[in-house]
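Two complexes come next, and they have one chain in common, subunit A, joined by subunit B in the first and subunit C in the second.
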Partner chain A sequence: MLVYSLKRFAQLFTTVLGVVTLVFFTMRMIPGDPISAIAGDNLSGEALDRMRSQMGLDAPLFVQYLNYLGHLATFDFGNTVTTKLPIIGLILGALPVTVSIAVGTIVLTVLISIPLGTLAAFTAHKGHRMLDNAITGVAMVLDLMPSFWTSLVCLLIFSLTLGWFPASGTVSIDDPAHLLRRIALPVLVLSMAQVATLARITRTSVLEVLSEDYVRTARSMGWSELRVLFRHALKNAALPIVTVIGLSFGNLLNGTVIVEFIFTLPGIGNLLVGGMNSRDYQMVQTLIVFYALIFVAINFATDLIYRVFDPRVQF
Partner chain B sequence: MNLHVPIREPLLDVRDLHTHFVTDTGTVKAVNGVSLQIEAGERVAIVGESGSGKSAMAMSLLRLLAHPGKVVAGEINLEGHDLNRMSERQLNDIRGAKIGTIFQDPMSSLDPVMRIADQMVPPIMRHLRLRRDAARAEAISWLDRVGIPDPSRRIDAYPFEMSGGMRQRVMIAMALSCRPRLVIADEPTTALDVTIQAQIVELLKELTAETGAAMIFITHDLGLVARFAHKVGVMYAGRLAEFGPVGDIFARPQHPYTQSLLDTIPPVDQQERRRLAQIPGFPPDMKRPVTGCAFKDRCPGAHRHCFEEAPELAARGNDHVAACWLPEGLGADRTVERPLVEPLAPTGIPGDDRVAVEINNLHKHFTGRSALPWRKPPTVRAVNGISMRIRRGETLGIVGESGCGKSTVARLLLGLDPATSGDIFIDGIAQMVFQDPASSFNPKMTLSSIIQEPLIVTGWGTRLEREDRVRELLGQVGLDESYMHRYPSQLSGGQRQRVAIARALALKPSVVVADEPTSALDVSVRAQIINLLMDLKQQLRVSFVFISHDLLTVSYVADMIAVMYLGEVVEYGSADEVFHTPAHPYTQALIAAMPIPDPAAEAARVQTPLSGELPSPLSLPPGCSFASRCPKATDYCRSHKMVLKPYSATRETACHYAN
Partner chain C sequence: MAHFSIPLPARRTVSIDLSRFNGIVRLLANRRVQLALMILVPILLLTTFRSVLPIAGPLETNLRAMTKAPSLEHLFGTDRMGRDIFSRTLAGIQISMFVGFAVALLSLIVGLVVGTLAGFFGGAIDRVMMTITDIFLAFPSLLLAIGLVSVMGTGMLPVVLAISLSDVPRFIRLQRSMALSLRSRAYIDAARTVKASHLWLMTRHIVPNTIASLLVAASIAAANAILVEAGLSFLGLGIMPPAPSLGNLIRDGQSYLEQAWWISTLPGAVILLIAISLHFLSDGIRQVLDPRSRK
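Moving on to the complex of A and B:
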């Protein structure tokens, strides 16, 4: 376990360093920089150059890079270009919204897709293809609908026509009921995209386990099919399911950027879009470090959960 | 006065059982009218080749068939209750409680993510109505009875923490834990090594005798039948061809199929090395209706009646029934047509004692990765100092249990893996025949291009010359020219193995290495391949290395035998000598564990299976590698390394006490 933790830490370090480097250089390859984004056409070239040298943007790229790494090592994430507010404060303020959406989506996805996938597998195993085909078909249709489109459709139906959920307005973590109403639609939209994948993988892996020898052994000891399904099949099928849930977090972080934008939610996805538009190097880089940390943390959690389901997994 | 004698009701009375598998391409009538009775305490073996319906029949009894299998008709009376009329719920009170089941593969038959206790205890609680702690105590006592060391601790282990043999013991403990009246064992030892098989078979015998449970034992191994069963049922094409007491079936088999099956087994007595019997043709397609006897197309004795009407089981002696129109099947003189096989003289081919293969002090070590960089990495000495010579035209048999390094030797001989140290000298080239012909061919290539491949790789001849060579090779392995343009999927297992042999012979190799070439085949097909190998040996004077765990086959095929244990050769000598007067305790144990297809001989043998299992190859004992399992081992053995020493003119053995 110690060796494993050390390895994991080394992995975290290299991942973050790699991501930071990549983002640092690609950001600077995009035309425009923060100064021109703030100033627009109002300032003379001389004034712009002065501001650039104040911010250290005239130094050679490599020196800027080393400077940035130095700041990062002391956990100094800097201020935004436009409002001069500390970036870390903005991110920590926005994080709960995004985390609520992500966790909500995962919970909803799991609640829908695992029972559906299991049911499909069970009926398929018994040779009844009708229900299985229906579930698989619906999952496929859901999978093919892009999030930005379903978002707009949901907004149109549930917010504008039926008025069940507010389409915009403030969000505060201190008012959970309101928060829930605000994130309900984004969570629904994101789940629709995730349910298909997870239901399908659940179906496949449960179906595979149901034809395993040990399932027959359990049946030969007098257990009913349902008990065998829940006690033996689901636990054995869990590994690929957990893997896919872990991986879907990646897609989900992508998805939150889109739904936060459409539903005007003040999460880190919106911060990222804003940061990109104003070429706020610091903001984007810091956010990417956060995203990388979240990814590594989820991978780590996935590995730990493996151990819960399968004693053969050793660290 | 009451003179009425009560008729003893059999424990299990199966009547006219039919099981069908409905598929898109037709209905497979896997079990097509089987009736049999089993008395309490009786051990009944059901033998048959793959596809004969023996497993489907056994699984039908408890309705454990996988979709789309379905029992469509018949009665399954257990102690007077018809299981076939019961609901799933009622049947769940029979499964495990009245009938226990043991499956073939211990590696996959236990739930890998549950502790043994969690798999064993709940059924005991349910069927015997015990509380959890009492049920757990019961489970522990069963684990103890099946020979699991330290059962009160091991019950909390996971299956992956146990060896295959131990897992099969757990499986047996589980199947017997609710004191069933009947145990169904579906090939319970097929996946195990021969010494472990002997242990398991003894255990099953003991436990069923103790509990008085009857047993249905599904197997394709006639040797095991002779060792184990009271009665035998021979299945063919979904029906019983013959059923009777084991001694009777072996001594005077009545059905031509039973007779042929028995004749496909290599004889134990080397003086009677007859060519093995072959059963021509293939089993019938079970999707098509069969008119007349299902065996008629393969039966040398078939006459007009056999084509018109299917024979029913009819009495052929005490308790002995057979379904054949011929009164004695093929009769007693059926062996006359098969000539004796000339063994190679111990001096080799007269006037030719050139050496085809010479191996000097061969080592192959596999080094793993250590957890921490400064620790010594774990090393498995798969081959640990082997020296051998194979003369031209000689067949060397290599035997040993799984993990002894016999397949590694094959890979080294072919240069598929580099040796860690030592030399291999081959006069000419070596070619390989693999165990599973289905997976060693590219399914998208025609047989012609499969056989040509080695020729193309070495730039042999023109296209026309190569095609001529393919025709010649197909002829040599007994396949028609028309097979050239077929694909592997269109062939049966035996035909594929013929193609594999043809491919191996394409380059006129001096030595052909065959790694378990017959293990994946049914007994009747196995005999064909063995006969083919014997013919090729005589015609082409090619050397064979025949690697197998099946001692009887090896002793039939080979001129010399090398017995391997943990990467070393412990005995090496002429096949006759090694097989009939083994000198090394391990060879003796292997031969004792090997079931002989002769019930009388089996009954006369002393059954003391070799105890224990292979030690971990990661930490070999310092002295003789066999010392940990050897009944004769002393402190001297445990501290001194043994090397091969001459035992007789044609034999060497690596045992301090053999000489």
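Moving on to the complex of A and C:
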């Protein structure tokens, strides 16, 4: 186990290094250097040169790369171009909003899709295809709805027409009740997209378990269907479900960018879109690396959980 | 159903080998494919012949018909500049379809070539390719596309390249794993014993057996590319206005949601319809081409 974790960690480290390297050199391919982007046409050649040497941009590319790695290791991501604030501060400030959306979405998704998937599997197992087909069909449509469109439709129905949730307004982590009202719709929208995958995998794994010998044995012992379902079927189907939650995290991150933009929530997705629009490449670069790190870390954790809890997986 | 004999007056018979069209016939007989085509064909016909339809051009403004609700004259209504949303949607579908097709084709070709080489030869090529794909797969797809667009700029070509770059690693992985499992099959060994060249083995024995799965993946990639392009354009990072990409249409309507709900919602519903039919298509292709599901 320990050897496996270390090996997997080494692999993770290579990937992260690759990500950072890729982002660094890709960003340097942008025509014109960051200084001209900051200064525009206002500064003379001499002032530009001074700024370049201040920021270490006159050093050879490889030295710049090493400097960049050094800064990353100490979480120094530099300052934003427009407001001169440290980027890491902005990210940490915005992170709670994004994390609450992500966590809320995962909770709601699990609450909806596991009962739904189990129900579909159960009815399919009993030979009632109608309900099973209906659930599978609805799940597919939900899966394919573009989240920005769903957001607008929900905004139109629940905020503008029914007035249940505020469409805009400030968000603060110190006011949980208000925060909850503001992120309710985004969480609903993202869950709708996630439910499909999770319900589908729940259906498949529960259906598989339901035809196992030990489930038949449990039934033949006279236990109620519910007890068989919970004690045997769901328990054994849990592992693939957990794995899929981890694996669909990438989609979830994609979705947070969109909903934060539409519902004007000050999370890191909004920082990213803002950075793109103000051509703050330093910011964009940092955030892309940051997202990749989160994604890779979650995948790593999912893999480890899978291996710890599945006694069949050998090391 | 393989052979039909048609008697001809001169007492000769011409035999038509229908087995060559077997795949296409079975594909058209599949219910999911039929359903997909029932949606896709009318949409494609409408977009292709939109210039002869009695509707205003996608960029034509009409100050006497500003923010009109859907009616017979303007099926999807008009925006605040009096532009016909239906006409703009048709033009947008054309852009979306192009992006979807270009991304699917590009990913398919690169995935096929690189994946086959990596899977067939293994060793160092394989390890290097897998490390590179690992790096690309470390980014959530939309975020990778955003990052790449920030470097390459906005517009059609950068958007296609950015979306493809997040799909290509998945295609390489898929093709590689299939090539890897095929290369040790008995029939490949048999071909080797008669001195078949590497190129022959790859093109005659590996690719024909993997192309079906790649086509399934390609039609899903096309649907996905349409959604990502719309997402990018919606965020203002894709195809630039006034080009009426579907994402741009939805973005345009965002600020008028309360006064003119149709500007955003109707083009979005069309995206959904296209994505669903492409998924049906891929399901159908899979059912037909997967030998295990043949009856």
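We adopt the following convention: the second predicted complex is superposed on the first by the 256 of 315 C-alpha atoms of A that agree within 3 Å, B and C clash if a C-alpha of one lies under 4 Å from a C-alpha of the other, contacts with A are read in each partner's own complex, and residues count from 1 in each chain.
Keep this in mind: a contact is a pair of C-beta atoms (placed from the backbone, for glycine too) under 8 Å apart; a residue touches a chain by one contact, two chains touch by 3 or more.
Note that this is a predicted model, so its numbers are computed, not measured.
K.L.:
Once the shared chain is lined up, is A:F148 touching subunit B (first), subunit C (second), both, or neither of them?
P.N.:
The answer is second: A:F148 touches subunit C but not subunit B.
K.L.:
Tell me the contact category for A:V273 with respect to subunit B and subunit C: first, second, both or neither.
P.N.:
A:V273: touches subunit C, not subunit B.
K.L.:
So which one touches more of the residues on subunit A, subunit B or subunit C?
P.N.:
Between subunit B and subunit C, C touches the greater number of residues in subunit A.
K.L.:
According to the stated criteria, A:G250 is in contact with first (subunit B), second (subunit C), both, or neither; which is it?
P.N.:
It touches subunit C, and subunit B stays clear.
K.L.:
Just checking: does A:L108 make contact with subunit B only, subunit C only, both, or neither of them? Give me first, second, both or neither.
P.N.:
neither
K.L.:
Of the partners subunit B and subunit C, which touch A:E212 in the superposed model: first, second, both, neither?
P.N.:
first
K.L.:
A:F309 contacts which: subunit B (first), subunit C (second), both, neither?
P.N.:
first
K.L.:
So, A:H232: does it touch subunit B (first), subunit C (second), both, or neither?
P.N.:
first
K.L.:
Which positions of subunit A sit in both the subunit B and the subunit C interface?
P.N.:
Common to the two interfaces on subunit A: nothing.
K.L.:
Subunit B touches which residues of subunit A in the complex?
P.N.:
3, 125-127, 211-214, 216-225, 232, 235-236, 309-312
K.L.:
Show me the residue ranges of subunit C that touch subunit A in the complex, using the header's touch definition.
P.N.:
131-132, 134-135, 138-144, 146-151, 223, 227, 230-231, 234-237, 247, 250, 253-254, 257-258, 261, 264-265, 268-269, 271-272, 275-276, 279
K.L.:
Please give the residue numbers of subunit A that touch subunit C in the complex, ascending.
P.N.:
Residues in contact with subunit C: 11, 14-16, 18-19, 22-23, 26-27, 29-30, 140-141, 144-149, 152-153, 155-156, 160, 250-251, 253-254, 257-258, 261-262, 272-273, 276-277, 281, 284-285, 288, 291-292, 295-296.
K.L.:
Which bits of subunit B are touching subunit A when the two form their complex?
P.N.:
62, 64, 66-68, 88-89, 92-97, 100-101, 103-105, 108-114, 119, 123, 126-127, 158, 160, 171, 174-175, 178, 371-372
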